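Chain IDs A, B, C, D and E follow the sequence of writing; residue 1 opens each chain.
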Amino acid sequence: MKKMISQLHKAGLPPGTPLHVGELKSNTSLVTICGLGENVYWEKITDNIEECRKILGEAAPIQWVNIDGLARIDLLQEIGSFFNLHPLTIEDIFDTSQRPKQEEYEGYTYFTCRALSLAEITGAIESEQVSLIIGSSYVLSVSERETDLFTTTRKRLKMNKGGVRLRGTDYLAYSLLDMIVDHYFVVLEKTGERLETLEESILRKPDNATLQTIHTLKREMIAMRQAAWPLREAIVGLEQSGTVFVDSADSLHLRDVYSHVVQIIDTIEIYREMLSGMLDIYLSSVNNKLNEVMKILTIFAAIFIPLTLISGIYGMNFRFMPELEWLYGYPFALGLMAATAIVLLGYFRCKKWL
Amino acid sequence: MKKMISQLHKAGLPPGTPLHVGELKSNTSLVTICGLGENVYWEKITDNIEECRKILGEAAPIQWVNIDGLARIDLLQEIGSFFNLHPLTIEDIFDTSQRPKQEEYEGYTYFTCRALSLAEITGAIESEQVSLIIGSSYVLSVSERETDLFTTTRKRLKMNKGGVRLRGTDYLAYSLLDMIVDHYFVVLEKTGERLETLEESILRKPDNATLQTIHTLKREMIAMRQAAWPLREAIVGLEQSGTVFVDSADSLHLRDVYSHVVQIIDTIEIYREMLSGMLDIYLSSVNNKLNEVMKILTIFAAIFIPLTLISGIYGMNFRFMPELEWLYGYPFALGLMAATAIVLLGYFRCKKWL
Amino acid sequence: MKKMISQLHKAGLPPGTPLHVGELKSNTSLVTICGLGENVYWEKITDNIEECRKILGEAAPIQWVNIDGLARIDLLQEIGSFFNLHPLTIEDIFDTSQRPKQEEYEGYTYFTCRALSLAEITGAIESEQVSLIIGSSYVLSVSERETDLFTTTRKRLKMNKGGVRLRGTDYLAYSLLDMIVDHYFVVLEKTGERLETLEESILRKPDNATLQTIHTLKREMIAMRQAAWPLREAIVGLEQSGTVFVDSADSLHLRDVYSHVVQIIDTIEIYREMLSGMLDIYLSSVNNKLNEVMKILTIFAAIFIPLTLISGIYGMNFRFMPELEWLYGYPFALGLMAATAIVLLGYFRCKKWL
Amino acid sequence: MKKMISQLHKAGLPPGTPLHVGELKSNTSLVTICGLGENVYWEKITDNIEECRKILGEAAPIQWVNIDGLARIDLLQEIGSFFNLHPLTIEDIFDTSQRPKQEEYEGYTYFTCRALSLAEITGAIESEQVSLIIGSSYVLSVSERETDLFTTTRKRLKMNKGGVRLRGTDYLAYSLLDMIVDHYFVVLEKTGERLETLEESILRKPDNATLQTIHTLKREMIAMRQAAWPLREAIVGLEQSGTVFVDSADSLHLRDVYSHVVQIIDTIEIYREMLSGMLDIYLSSVNNKLNEVMKILTIFAAIFIPLTLISGIYGMNFRFMPELEWLYGYPFALGLMAATAIVLLGYFRCKKWL
Amino acid sequence: MKKMISQLHKAGLPPGTPLHVGELKSNTSLVTICGLGENVYWEKITDNIEECRKILGEAAPIQWVNIDGLARIDLLQEIGSFFNLHPLTIEDIFDTSQRPKQEEYEGYTYFTCRALSLAEITGAIESEQVSLIIGSSYVLSVSERETDLFTTTRKRLKMNKGGVRLRGTDYLAYSLLDMIVDHYFVVLEKTGERLETLEESILRKPDNATLQTIHTLKREMIAMRQAAWPLREAIVGLEQSGTVFVDSADSLHLRDVYSHVVQIIDTIEIYREMLSGMLDIYLSSVNNKLNEVMKILTIFAAIFIPLTLISGIYGMNFRFMPELEWLYGYPFALGLMAATAIVLLGYFRCKKWL
């Protein structure tokens, strides 16, 4: 998530120059083009410009062009010019530090948002930018690296479950968006588990590491909220664009995604509140520990110091000290000490310290 | 309440697939169908598809179909197809992690919200999703498990108090909604009692358990607010829908429910503020305890250490120490100690520590 | 103020049933009816239904019906049916836990808000609900118990100061509302004085009781804000209702009340901010005390422990210890101790602890 | 600033009664009337009603009536009746606890805001209410006491710099408002200096007095914000009133004042944030001091207690203790003590405490 | 950044007087005039009024006048009168404490915002005001001192990359604005690095200096947000002005800058949240240190005080103390001490303190 907040800027280049901004997450750019129609389904993969151009030329009611990886600017520019994309759109695709947004261009709608996933080893939340370009006969989806985000969609298209292939580019775009939003739930669920683990560890053994975990999670939740909030607005933008999702059936589906995003935002809020609570409990535990330590010190000091005084008194070298001559002077002194100790112990017990 | 934030997501299924999301709270689905009219009242219970279809076919001015439990997807789909419900509505009914909302579909209004109740043993706040589908001649209510939420409404319908049966589906839907909102007050009242108990226990014996109770209650209040806030919006949605609650009399009743929800939200805010105050008092109590402990330590140490020094001095083995030879040297030393102790005690009394 | 947040709910009764919700603050219901006109003024008090009906039948350009106490539901229903009040209005009057609001009904405007007063003995802020029903020829005001809230208004009406009696029901309603809002200022002023007392006591002797007073005041301010905020909206509602306060002169007066309420809200904000400040100062005082205690402990321990060591050294029983044989060994040891003490005192003085 | 929050209310008087609310800041009411025109300038001062009436009767294209002090209600009523002011306007002028606001009356615009100044001796922020009444041929300005707020404006009018006298009442009102807003900057600048002093004193010698200064400043900033926020709205009200500042040139000037007020609000926010930061640093300093004290105590105790034990051991009276008989027993014991002390010092140095 | 909040006010001068407000950052005013056209490019630098007037007279499709430094009021007034600028515009240019804003004047649009840069030595964030005046055939840009902010733009114009010179004043203004916004990213990136350094230093060695750095950064972030927030509004103002950026192509570019500013604001929020987290960790570290210190004190005191007691007991001078006569009394006493120490060490180990 840290990468979201570094390498944000582009050197003073003329606007409209497609330049990669942000960490480059893949060294290749793999183009997968699917031709979709009632009885049509073909899928071709390439990373060659010539070949790409040829495949794009093949007729199909709907074309879904998916690009994984942003390494090949030339390839994207070729595809962009094929679909008449505005230079600013191309530039935006390569600026991977963007805020989710939806923008109307002539002939297509541009939509960008962040897809979340969990890092395999560390379990940290990773985020990458996914751009969708929705035209009347094509959908172009660009992600920062090869993911299995859209594998399920592709399978469903192949099998034409629910007549997916007949339903136009809006429905295809909706399916892709739905997939992205579903992955937010996966991440949230995992975060929920981490929160539970954390809660236990706070009670068991609170240390500075726990505190840092709390803050790491807090920051991740903020970053997630910063991905989800504008996503919500962007979906409203899609709904009101007037060029896509005009059909009421598609609009219903979009409303569904919208309510999912709202639910995600709500859950993030609950998580943040939980983290605040944990912070309080952590700080209180530390304080309680200090109290505990101080009580023990006080009890030890308060009991032994008077006893030491007694021993000191009978260690004085005065010539005339009657107790010293007593036969049972020593047991008397020990008894005095014991009595003092018992009285003090009773006092601390009555103070509920023991 | 914890269950609200787990199992949120649905695997990558095609949209419109009715699949249960969230914890399954009942293993059955019990359908209760009531036929209502001026002189008509019948009530039939079934969990058999065939039978259900037959009962639904029976004529009555208004039908109220109540389903308890989400276990039987087939049953709900049957009823859904009888009333021409949109697949997304069916899907939404089964997704029990939804945010309260109101949506217009062709021929009916879909309304979903959370009903709150108190767990019998633990007293924890439990929440379940209740969906209402309001058509022109029927109301369909779906809850996650068998509850006595609507028992009172059913009695009133049977006895036709206030001509309830004559007043159309809007009024019936309002009655059900009113019941749900009334239960929020029950929960709030109980929470109020818990807050009072908590307040006393903070002053009597503040420990880490108290702190956790504070945070549990805080989180419950947040979850409740997250149930109440969108409920308010959903009721506004009902009021503005243009298809239900168009009659001004019904609209007045809805306004009444609306003001109840606003009142609930206000009370939640007060409770949250009270909890924040308790947190402060708790933390301050812990600090005060530390102060108390430290004062006692300081008093003990500050009084006995000088006395020990005196005893140490007269325990020194110098050959020429005039006091040691004095007849009243020993009482003199004891007197010196007593005097020192009294001076120090006076000092601490004047510091208001004793 | 605590009573605002308990007994909030009504058992599952059919809507429109007038049932008292909240603590019953009076055992009677006293009806005072005033007939007002240019040359007309009469005032009759009763708690008998028959008599009440008769008085209401007496003609007067404007009738002001004031009811103190909610004990007699039958009486209110009688009056309600005389003025054709909607059942929901009657229900609202008896639900004393309502949020301030303004609602349009056929033939009248319903307005409810909270009147504040100070408890005579404890000085706590008390709040009761006051409902105003403004018709074209009558004003009905209902309060929870006998108060002297409207005594001044009555006097002024009797003396017809400023031609009050000529100015219609809007002006009468405004006068009542103005009285209610004026009492908020009385409460705020008293609270201001309590804040000053509190501030002094924090500096003089901060203890847990002070902390609780801070939180009691905080909570009272929240409750007051929750009374004042919706009052503001309700007044806006009156202004925009289109049925009352349509005359620009009356509208000016209402604007005046509105700006008073805004001023009240501002003052509450300042008070809350002051309370937060006091909380900080309180916590800091507690911390400072701890520091003070620890410094004294440290000074005592750090000075006397080395001296004790010296006395211990010369208390050792080695056969060959030259100092012990010195003639001035004892004074030398005492001098060593004094020197050590002086050096250490100098050290603490230079640390600015003394 | 404290005076803003006391004496807020007016006893239950009929509305429209001009009664002074708030602390009376002056015992007189001095009226300064200026006649302004292209070639006209006269200025007359009086506090006599008769004389005042006569001066007001003298013709001049524009009359600027300035009143300093609210002691003479009769004088203001006379002037009010001359200009046909609404009784509520008069009442508002005397209620010095008002929120800044702008109100349209027939024939004039009423504008009230708070003018800030610094108390000469204490440097505390003082605030007084200034009311402006802007008619088509006169401007009436009322302040709570004699100030030099408008001295510069008067000079400029006398010299007719920039043709001020020709520019109508809007421009005159704008000049007065501009003066008031400029004084906010003076106060802010002084506050900035106090913040710098405070910051240093926190680092040098943090005590409870520092804390109180922080909270005093915080409260002053809140009061200032409560003066500045509604002022902003009131200026917007002026701009949109439709009766004043309709000329686009005047509107530009008003926009300028508006952006100054926004800048003031921004600066107040920064100051508040700075104060929060100082509070944190203060609390942290107190904590650090405690740490410091505890370290010293720990070092003293941990070093001398073991040494005392050693001396205690060799002070035991066992008959058979070989060390006691050694020739170099005493130096050996002293050496043991020194060694122990050195080891412990090394330990604390390695802990980085020394 | 501190300079943003000092010297805010202008003495009581008549409005419209160009007077420098804020710290004067340059002692000169250097005018660079560029003539731009399809085949035209010339660039002339002067600080002489006469020369300046002559150059301005030279024809060119577009003139870009850039002024570095605000020292020469006369020069700016000359240029202002050449382009018919309103006196308030000139005044605003010299008031360097302004909030970013956009204002429409007759014939031109006035736009002002803050350009950020990093101080060369200290790395502190510096901010200066840049004003843009966009006419139909000229762009006037004024900055507070000589910067290299627009060097890249100038190069690009010289080389006419992307046909920049053909695209009108809107595009030129956009290029300048884009440069300014790009520098915000540079500053943010540097701040991100400082945050990382800070985070490490908190864990390594938290002291009061760390705390102050946190607050310095917090304040810088607030100042940056106060520069960025109104910038966003000002850009919206440009978009909606109706006189500039009316062409849809230019509007797209402006939308791009807008989304950059939103991204900047988002990043600032994340940074602020990170700083809050660091503050928590810092305070917790301090607390933990105290705990650490107290544990060591407690362990030392609790172990050695009992041992001292034992030694004291056997230092008592009773005549009849059997142990003293034992042959192995001394080893026995030492053994008792060792045993006691071991038991206590075991106790603390079991408490997990060791």
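In this text, contacts are C-beta pairs under 8 Å (C-beta built on N, C-alpha and C of every residue); 3 or more make two chains touch, one makes a residue touch a chain.
Nothing here was measured: the structure is a model prediction, and the numbers come from that model.
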For subunit C and subunit E, the contact-path distance works out to 2
Subunit B turns onto subunit C (C-alpha superposition, degrees, nearest 5) by 70
For the copies subunit C and subunit D, the interface residues, called same if over half of the numbers are used by both and different if under half, are different
Subunit A to subunit B, mean C-alpha position gap in Å, rounds to 27
Rounded to the nearest Å, the gap separating the Cα centres of subunit B and subunit D is 43
Note: subunit E residues in touch with at least two other chains are 287, 290, 294, 297, 301, 305, 308, 312, 315-317, 321
Among line, ring, star, complete and other, the chain contact graph is ring
Around the ring, subunit A then subunit B onward, we get A, B, C, D, E
Note: in the complex, subunit C contacts subunit B through residues 4-12, 14-16, 86, 88, 91-92, 97-99, 101, 103, 105, 207-208, 211-212, 215, 218-219, 222-223, 226, 279, 282-283, 286-287, 289-290, 293-294, 296-297, 300-301, 304-305, 307-308, 311-312, 314-317, 321, 323-330, 333-334, 337
So, in the complex, the side of subunit A touching subunit B is made of residues 152-153, 156, 161-162, 164, 174-175, 178-179, 182, 185-186, 188-189, 192, 203, 252-253, 255-256, 259, 262-263, 266-267, 269-271, 273-274, 277, 280-281, 284-285, 287-288, 290-291, 294-295, 297-298, 301-302, 305-306, 308-309, 312-313, 315-322, 353
